[in-house]
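Remarks on the structure that follows.
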């Protein structure tokens, strides 16, 4: 038997939607089997990871707060990926965005309010955009692959963070821990529902996908991104500027990551320590693919991934699975979604191999 | 600077260089066959833990290295199946492999944290290996000599063997190679598995020689530097050796910055240095070369035979 | 049928054909590519396989060469039934093939390229000696150590031929071998093929160029829609009669008005120079020409002599240094980009349909947005209208008789000819002042080609100026009013098609290539072939 591929005339919309769902289900199934094999209660573990956060109302706020940065970063990443511009350094842009916001907060001391918070968020956006602009500049002018440069800049950003929070920005009252002082109460984002942790950033994360939807589906800019990604020569033929596209996608996706960093700082964490880079920038890559690079898909996939984060913590206490399991689950989902891409564009059939009798009998 | 200091520095540099040299040699062969595998970091981590685990279990570091190679190769085959059989996007699949490798290695590593392992004995007589001066030549782990040996093997293979010529042909024009009758997918499977095995051994160098112990995410981006090194070297074997030592020196700077009198800059600056220099080096090389002329023509592109 | 040649290879049944196909069929999803095909090729015979694109020629030879299996039917080799399961098996039998699109490795040497095509592992030095020997025998000339990317198209084809000849083939399949050659190179190829046939090698010669087949082949099998429609002697038939058998109808001539005058200049190119891009790019040197209202201006030349660069410079995809280098209706546009030039009335159709002229995985409707969005006002406040692209796509489909499921069909789902008609229609219906097209009928069947030619003539009649860049000299001679040849980025003197000299055009196309072999006198039959 071997696999035979037949190209579809039009990509299958059904498969486009069905395969991400199947990927999640398949991940659950494999998790169940593997956990059982490891002597862990598989059903309990999978239920805790994938369903408890959704069924238990008190977990909803955790899911929403975790989903917000993932969704925002993924929107930027998927914009770039549609243009075949690979920003995998969102983690670094996220860090720089948060640092920029923290810098503004520090400059105002304990002064807060609408103006200062707006300024903090703007600084975060600009910081992230700046960190994203570096790979764009290098790619456009020196043909440096943005995958490598954006990733290298993430390691640089981690060192910048280490230097600032351990040196000039160190909290004087922090018992010598490398961390910034907590934000003043007036410098934090408003909480939307009293008694919860759901901050304004969550609302932003729920609105932005719709803005991006209009942008990608209807605007000339969205069209330009799709053409550049699908057929660069055709884009040039249509009068679209490839360099400008690289600049725009990397700057926008940097800005999104920076925004997420600023919101995470001012809405959820309120100070920056060495644990601040928690990998959202990398997980958002999975969100972007699981969401099929569609803004609404990113919103849904962001929630799914947030569920696995929260559920992973639940399962950690209930069935004592290690923390890193969530990461494996997330990577597995990405593997499945990538593997299933082929079903969207091709019909896959199994066909019998022609018999061995077909060997040549060459004329002597 | 005393002679002892210089010798110690050289030993450190050789140690820091070896893992990226191994991983980059593997990635070179993969890319020459037309495949871009960005999962090097993940394969190194899996190699690191599997090498360590096999050594703990068997007590034999030689088997550990084999285990690391096998671990890296098996991990790379996941990538290979997706990319070669299911035609998935190579960039995204490589990233997935890296994420997967870091998750899996930390899960597997849980039961090995804090364990200690027998290390390699020297393959040379102690009189040479321990000699304060001659240890510059004889005082290394066998993996170091293996890495240098592999530079010549890979160079010879690509340049002078028929199999190497076929591999280059597959990377240069997969459709033509297919129409002549070569198995593009088969050649690429082999190349990817080799790349995985080399990355695995490179990762094992961390857990079996440098520390030797297991810690989560201990390769710290060296896999990415190995990928960058292949670009930096313009897909040429000899330049990979030179480039790897260039990065080895940069990484040693972080450790020696204070001693060398560079303490006026914060330690984070020196830690960021290899990553910054990677970017600068690639910019320098890419800007000088004509439009990617030395890159294999099919690099990163999907291959679908028409029948 | 021609008589078997006297050179018999040992072990063959004396009067059996070299290759005999009996009732071969092959189908693909939705298409019956080969339907019950039978033919036979004698030793030493040059046998033409003639048919339009899509008639099933390629499918048939792929089965003979072992690239794909047949669904039904039998193949016989020297009288013995055989199954050829892969190209290696075909080569072992003595079947060699020279592909239309060469399977070469650009960054590798001639020697490495040949070694890759050999099944036997011969040491490089011995192989080099044998290559030199074979080339000497057939009067070919090529340095085995050259890197392929530095070779001309004719030289590249020679690699493929040498590779096949090293196997001492008993049958050589040539797939459209002359489509990219200059007349002189064609002549040289014919000499080699005749010598080979004289030595007893059979040649299966695939082409749709009828006059070449008349000059070279002794038998022709004509395919249409997967079936054999006729086996004939090309010497007896006329080109027209074979063409009509091939397309299954009578040939339509281009209709154009009798009274044509070219009044005002619409496109003027003055000393256009553009540096070559990338390692294999060709620099354009001081190109000057003009196209007037109603005129069709042709640019002939062998592939890779700057045609692509010229199209990109004219379309605005590569901006020029000087604004005056290109003027449209007297307005200097040289420094403008593609989008701005389009607004000034320039429309272009590049050679590559998939991925350059059109986005393969976009719908036909989205593909109108690519080049027509500004001229036809499809964009308001940065947002693309929903109705306008669909309506325009529908009207192009209808006017140009494009076979597609509708404006929502993906561009890649169309056949080559239909997509080309669609792209031509998309540009022509924008009523451009100047239309520049490259290879307008490349890989397109005769029906579609005729329609495309007619649409160009009709557009010219409305007062537009048209520039046609093509490697197909026949096409240019039939279509154009004036003509020039591009070679190594320079344009030759401009001539009127009515009094053009084929030999001069041929020399201009290839003579300056630094390849002495092509500077030979063209023989009568090639001249007659035009």
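As written, the chains take the letters A, B and C, and residue 1 is the first residue of each chain.
We adopt the following convention: contacts are C-beta pairs under 8 Å (C-beta built on N, C-alpha and C of every residue); 3 or more make two chains touch, one makes a residue touch a chain.
Everything numeric in this text was worked out from a predicted model, so none of it was measured.
Q: Using the touch definition from the top, how many steps at minimum link chain A to chain B?
A: Minimum number of steps from chain A to chain B: 1.
Q: More C-beta contacts across B-C or across A-C?
A: When the contacts at B-C and A-C are counted, A-C has more.
Q: Nearest whole angstrom, what separates the Cα centre of chain A from the Cα centre of chain B?
A: Taking the average C-alpha coordinate of chain A and of chain B, the gap between them is 27 Å.
Q: Centroid of chain B to centroid of chain C, CA atoms only: how many Å?
A: 46
Q: Taking the mean of the CA coordinates per chain, how far is chain A from chain C in Å?
A: 47
Q: Considering chain B alone, which of its residues make contact with at least two other chains?
A: 291
Q: What parts of chain C, by residue number, touch at least two of the other chains?
A: Within chain C, residues 86 contact more than one other chain.
Q: Tell me, which parts of chain A touch chain C in their complex?
A: Going by the criterion above, the answer is residues 6, 9-11, 214, 218-221, 223, 226-227, 230-231, 233-234, 236-241, 354, 357-364.
Q: Tell me, which parts of chain A touch chain B in their complex?
A: On the chain A side, the touching residues are 3, 5, 86, 88, 138, 141-145, 147-149, 151-153, 155-156, 159-160, 162-163, 166-167, 282, 285-286, 289, 322, 324-328, 330-332, 334-335, 338-339, 341-342.
Q: Could you list, by residue number, the parts of chain B that touch chain A in their complex?
A: Touching chain A from chain B are residues 38, 78, 81-82, 85-89, 91-93, 95-96, 99-100, 102-104, 106-107, 110, 216, 220-221, 224, 227-228, 231, 266, 268-269, 271-272, 275-276, 278-279, 282-284, 286-287, 291-292, 304.
Q: Over in the complex, which chain B residues touch chain C? Could you list them?
A: Its residues touching chain C are 162, 165-166, 168-169, 172-173, 175-177, 179-182, 290-291, 293, 296-297, 307.
Q: Okay, in this complex, where on chain C does chain B touch?
A: 62, 67-68, 86-88, 99, 102-108, 112, 115-117, 119, 121, 277-279
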